[in-house]
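What follows is one structure encoded as structure tokens, with my remarks underneath.
A, B, C and D are the chain letters, set down in written order, and residue numbers restart from 1 in every chain.
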Amino acid sequence: MGATTMAKALNAALADALADDDRVLVFGEDVGRLGGVFRITDGLQARFGDKRCFDTPLAEAGIVGFAVGLAMSGLRPVVEMQFDAFAYPAFEQIASHVAKLRNRTRGALSVPMVIRVPYAGGIGGVEHHCDSSEAYYAHTPGLKVVTPATVADAYSLLREAIADPDPVVFMEPKKLYFSSAEADLPARTEPFGRAVVRRPGRDATLVAYGPAVPVALEAAEAARDEGWDLEVVDVRTIVPFDDATVAASVRRTGRCVVISEAQGFAGVGAEIAARVQERCFHALHAPVLRVSGLDIPYPAPMLEHTHLPGVDRVLDTVARLQWDDQPDPRWVAA
Amino acid sequence: MTTTPQAVRRASPRTRPAAKKAAKAAKAPAPEPATDPSAVLLPQAEPVRLIEADGTPLPARADYPEPPVEALRELYRRMVVGRRFDTQATALTKQGRLAVYPSSRGQEACQVGGVLAVRDTDWVFPTYRESMALVSRGIDPVEVLTLLRGDWHCGYDPTAVHTAPQCTPLATQCVHAAGLAYGETHQGRDTVALVYIGDGATSEGDFHEGVNFAAVFKAPVVYFVQNNKYAISVPLSRQTAAPSLAYKGVGYGVPSEQVDGNDPVAVLAVLTRAVAHARAGHGPFLVEAHTYRMEPHTNADDATRYRDGAEVDTWRDRDPIARLEAYLRARGALDDAAVAAVAEEAEAYAADLRQRMNAQPEVHPLSLFDHVYAEPTPQLVEQREMVRAELAAAAEEDGH
Amino acid sequence: MGATTMAKALNAALADALADDDRVLVFGEDVGRLGGVFRITDGLQARFGDKRCFDTPLAEAGIVGFAVGLAMSGLRPVVEMQFDAFAYPAFEQIASHVAKLRNRTRGALSVPMVIRVPYAGGIGGVEHHCDSSEAYYAHTPGLKVVTPATVADAYSLLREAIADPDPVVFMEPKKLYFSSAEADLPARTEPFGRAVVRRPGRDATLVAYGPAVPVALEAAEAARDEGWDLEVVDVRTIVPFDDATVAASVRRTGRCVVISEAQGFAGVGAEIAARVQERCFHALHAPVLRVSGLDIPYPAPMLEHTHLPGVDRVLDTVARLQWDDQPDPRWVAA
Amino acid sequence: MTTTPQAVRRASPRTRPAAKKAAKAAKAPAPEPATDPSAVLLPQAEPVRLIEADGTPLPARADYPEPPVEALRELYRRMVVGRRFDTQATALTKQGRLAVYPSSRGQEACQVGGVLAVRDTDWVFPTYRESMALVSRGIDPVEVLTLLRGDWHCGYDPTAVHTAPQCTPLATQCVHAAGLAYGETHQGRDTVALVYIGDGATSEGDFHEGVNFAAVFKAPVVYFVQNNKYAISVPLSRQTAAPSLAYKGVGYGVPSEQVDGNDPVAVLAVLTRAVAHARAGHGPFLVEAHTYRMEPHTNADDATRYRDGAEVDTWRDRDPIARLEAYLRARGALDDAAVAAVAEEAEAYAADLRQRMNAQPEVHPLSLFDHVYAEPTPQLVEQREMVRAELAAAAEEDGH
């Protein structure tokens, strides 16, 4: 047991997967000698050689399409998209092939692969480096979409993603890369499809994933001062989604706020809110509310804190959960 | 970064020793690589042609030795069967048995030539237009037509027949082929990937990325552009301002050639060399075949809106099957009996297909949930339950 | 007044826009001599010349990026993506430039353009020709997303889209192209941002858009037999969304079903459901339910009717709106 | 479809009459097109070079006449100021005034040469690396650095300075430039678009689609590839197997040239001709400049991980500024006083920038909602209200 970072845990997961399975290949832009711009692939080329970990031409559709071909030949590609918005050139390959090949061929051809996407903001990145793009993938049937919020999950979920028979879009919250925690690697945590209660509470449930999980935990901590005992659920795998854990929590607490860093409109937060009220309607004392990024292009570094859902915005929203059983005045008329 | 002009100018066939070696090796089934990649990048200025449109042989050439006559007879046989298949498929659209069919009539030399140039263990990456190529490769025609009949997407098992699903998103298969071929090499196998692609699709970014990946990773891929002059209605002049599509190779450091795509002998010769080049570890090769789509884009298209009959007629005179037949007859490699036998085989093939396509395929609504993931997600299990209940209710209603 | 089709109305809108404004250019794949695979641009090249309506190389990122440049030079591009899934190669251009250029330049550079996308299924199209891709755009701030369901709206919304100062993704429901209706062209209907009640009703609200609107209307008709009087709201413009009209309807009826043809997970239907319960919680007698396509890749033609949300599925869902004020048994435990 | 080999082989400068004409026209500010597009596609095998690394002039050549000496003095001046700006910007990252800065040190000949080759009314399409080019173009350096300081994305008004926002999504600007240039032509203006792009970015599909669109629509665009040998850490050998990136032009029917990117005289000469070619209506032109990125990718990068100091040292000896200075001094076009004056100007420029960047920029949270659409949607109005309330609450708290 020792303190380590999410970046190191991801690196260890890649190294262990490369060591355990000859079929695993790690490639992308700058993942070789440089070890990736976030150093997630640091040392892998030196240790496993440049046939197992290598740089490619600068072309994301090329990288993902190449991975499709490698998977067809029986290999297990793990590719890195350098930043969220730079995965968009690969969107056709992802939506029309990666997501569909198993289905198109009645299961005869599967293309297990992991597409690693460092995503979201909070690191002062300039434009196009901070998009929250998980909803695009989550809305595309055939993809699994996973996002760790803890160091141990980073290791465990990435190992599981690499071993999974289906393509996994593995969304890595950049701002958590260098957050450190005690973790005993190789760690194995809950499997895909399981959400986890990170903090128990009785008064309301905060549902969060990826970069929003630490915000939820911090807000829950702060809420104690206001007399609220909040439960925090970490979604972990967006697809498949763990309805059971989320609904059980909300049925217990009777109130729910969904927190996501992404712009809200038609995002994963909307899906979670819609599911929760569908499934827990009679247990709810208030509507399921959402806290999300604003519906604007990701702002410049000096303005990002206004955009990002922070503790205050979460607490403001919790305050609107109709504790007095009165309708929200903001929405009586609109 | 500094290269002499020779590096990109094609050496004349007369003076290139490698080509001479290739000519000697021509009788072997899988000739040795005929090219020195650093010496040959640009295509020859004129498409390679080995027999005239009327079947008259042209002078033999050292760079592209003529394929063995048995191969040409087999080419002929498959082209005739292939065309009959194609006609039958078009007829099936009229009977409502196929939702849509993109014919490759007129492109028989390319469709079959490509298939004959590779081994069964090689991989073929077809587009929607390659139904003829796929049946030529021996894939069950009903499985080939599954996509177009509409009971499922891909009807065959790609891993069993080493053939990717027919690809509709244009040019995307260019990259898959690079990955597959590189992956095979990585695992010590000498598989070659043959990519079929149309003229229009070369304008897509994925063509660029695919050929470039193959070149950088020296992946054994042959990119085979069937330039049939149209992308649906859009003529070649709207796709490129280049002298020919084969000239794209040099930008990737990939040797290229152009060939008369209606000369079956030349197509097979050029592709055979391209495949040998790739298999020998010299990296990808780009071939552009000049051919013509005799039919509309699909049965649903109205080609009279954008091209006139006179143009189509010109190409009718360059029919690849008649051309090869004339050539083989003149060589004494084909006689009336053999032609009749092939025609009969083709008829039988079509009759069998017709009959098998008459049966309404069974489709299972609940199978919709089977292959989205290896195991359905809880969400899909829920949705499957919903559909199961709907089907049960409908069955009950029908029962009353 | 006369019967016309949505295809003809769209064609008329393009023709009138070309005639009224020299800056308008129409281009894409096969839109010239062929008049488009759905004939939406039929006759435009003959009438306006090949400088105003023309074919491009076959490359969708190219088409959209070219439109960006044309807009920068002061022109008004209207581009056609041939089918939904074939717009994916342009995703980076759309998400990283079209959607953002106004914002990136503090409004100095705007790129008004219309990206026409024939979308959704119901026409027996083979794979990759039937995707419902509206959520990808709706989730991208900076884009307006519009989808007509009537012949008159097709004309009016397309004219408005071409005149709009912002980029508009104009989603055309393929299966409605050849549905005909009486319409007096040039028609002007409600502006962007206004949903319309297509059928008044008292018992529950069906919210639908694009290809789902006729399904909703048919279901409402059929529901009369079961004793339900259903209201149908046509969303028309997904972005901007008309909260006022939708919420007012649901507050009146107390029940709501959202119908979209797209796969449901993290789609526009989820957004609408989430918004409605946020805003109408105290008026609701039952959770907001969703009817959508299945969360599967669009199926082959012979199976598409199982995938598509039809009248029966809508009625089954309406039946689950807890008319007896009892919780939904399906979701008591899950 | 059938083209003689001459069509793709570059005629020798000695024998090409068009080039002779160009030589005569060289004194005119906007020379007539020097190229016959159908006769010239491939680049010359060696990068064009007009002066040696030590400034010694090479023999004059007819195809690329030397730019007028006043232009070279201006080039020198802007390169010196540009480098000083660049050094200052790097220093500002250390003081925390800039979030990040991608230096173009070593690429001064390209940065400034491009800007001098076009008119103010022409459009420039820069990447994130072109800060130096933009200040050279006369754009306020504080506005140029806005993106990297992080108070907003693009700091200048693109329409006022005919310069697109610095482009980060690689190669996407290639298509914008084709559209802009075609749109200008369509409206009867003779604007040329100059695209800056890196070696790595030529691997992207949008490079392919952009150059091809420009070629098919004969749009007046000059694609200017600064091949600085690295894409972050990835060396050129992982981007291409081609003889050089300039060879990509032929695949689009676009004439191309390669130039020594550290020879300021050659860069200006080649780009001047390329721009003239485009302006004359002959369509796009592709130029590859061989240069070197002296600094890490950005200040945040650690270049020692992937390249050694010896390589960097080699390029230190090819410094473009020293090279031009030596040449101009030898020609008597520059003396100590002039050099000192330019150095002083550069210092003043840097001091002014330093001082202006010291001020913390004002940012307005509510402005986040101003430019998403021409008018905010009801959803944004609601969200703006929320933020306004949050700000008011925070202000109140601060007040207590």
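Throughout what follows, contacts are C-beta pairs under 8 Å (C-beta built on N, C-alpha and C of every residue); 3 or more make two chains touch, one makes a residue touch a chain.
Computed from a predicted structure; not experimentally measured.
The interface with the greater count of contacting C-beta pairs, when A-B is set against A-D, is A-B.
Most remote chain with respect to subunit A, judged by CA-atom centres, is B. Computed centre separation for the pair subunit A/subunit B is 41 angstrom, with centres defined by C-alpha atoms. Look at where the CA atoms of subunit B average out and do the same for subunit C: the two points lie 37 Å apart. The geometric centre of subunit A is 29 Å away from that of subunit C, both derived from CA atoms. Chain contacts: subunit B has residues 152-153, 169, 203-206, 208-209, 212, 216, 238-240, 367, 372, 377, 379 touching two or more partner chains. Touching two or more other chains at once are residues 56-57, 59, 61-62, 85, 88-89, 92, 96, 100, 103-104, 127-128, 141-142, 239, 241, 243-244, 265, 294-297, 334 of subunit A. Residues 123, 152-154, 156-160, 164-165, 169, 172, 174-184, 186-187, 191, 193, 205-206, 208-210, 212-213, 216, 367, 370-374, 377-379 of subunit D are the ones touching subunit C in the complex.
By the touch criterion stated above, subunit A contacts subunit B in their complex at residues 25, 51, 56-57, 59, 61-62, 64-75, 77, 89, 92-93, 96-97, 100-110, 141-142, 144, 165-166, 193, 239-244.
On the subunit C side of its complex with subunit B, the touching residues are 29-30, 32-35, 37, 55-62, 85-86, 88-89, 124-129, 265, 294-297, 299-303, 306-307, 312-313, 316, 334.
The residues of subunit D lying in touch with subunit A in their complex are 99-100, 147-153, 168-170, 200-201, 203-206, 231-234, 238-240, 301, 305-306, 361, 363, 365, 367-369, 372, 377, 379-380, 382-383, 386-387, 390, 394. Interface residues of subunit B facing subunit D in the complex, by the touch rule stated above, are 1-5, 7-9, 41-42, 45-47, 203-209, 212, 215-216, 218, 236-244, 247-254, 283, 290.
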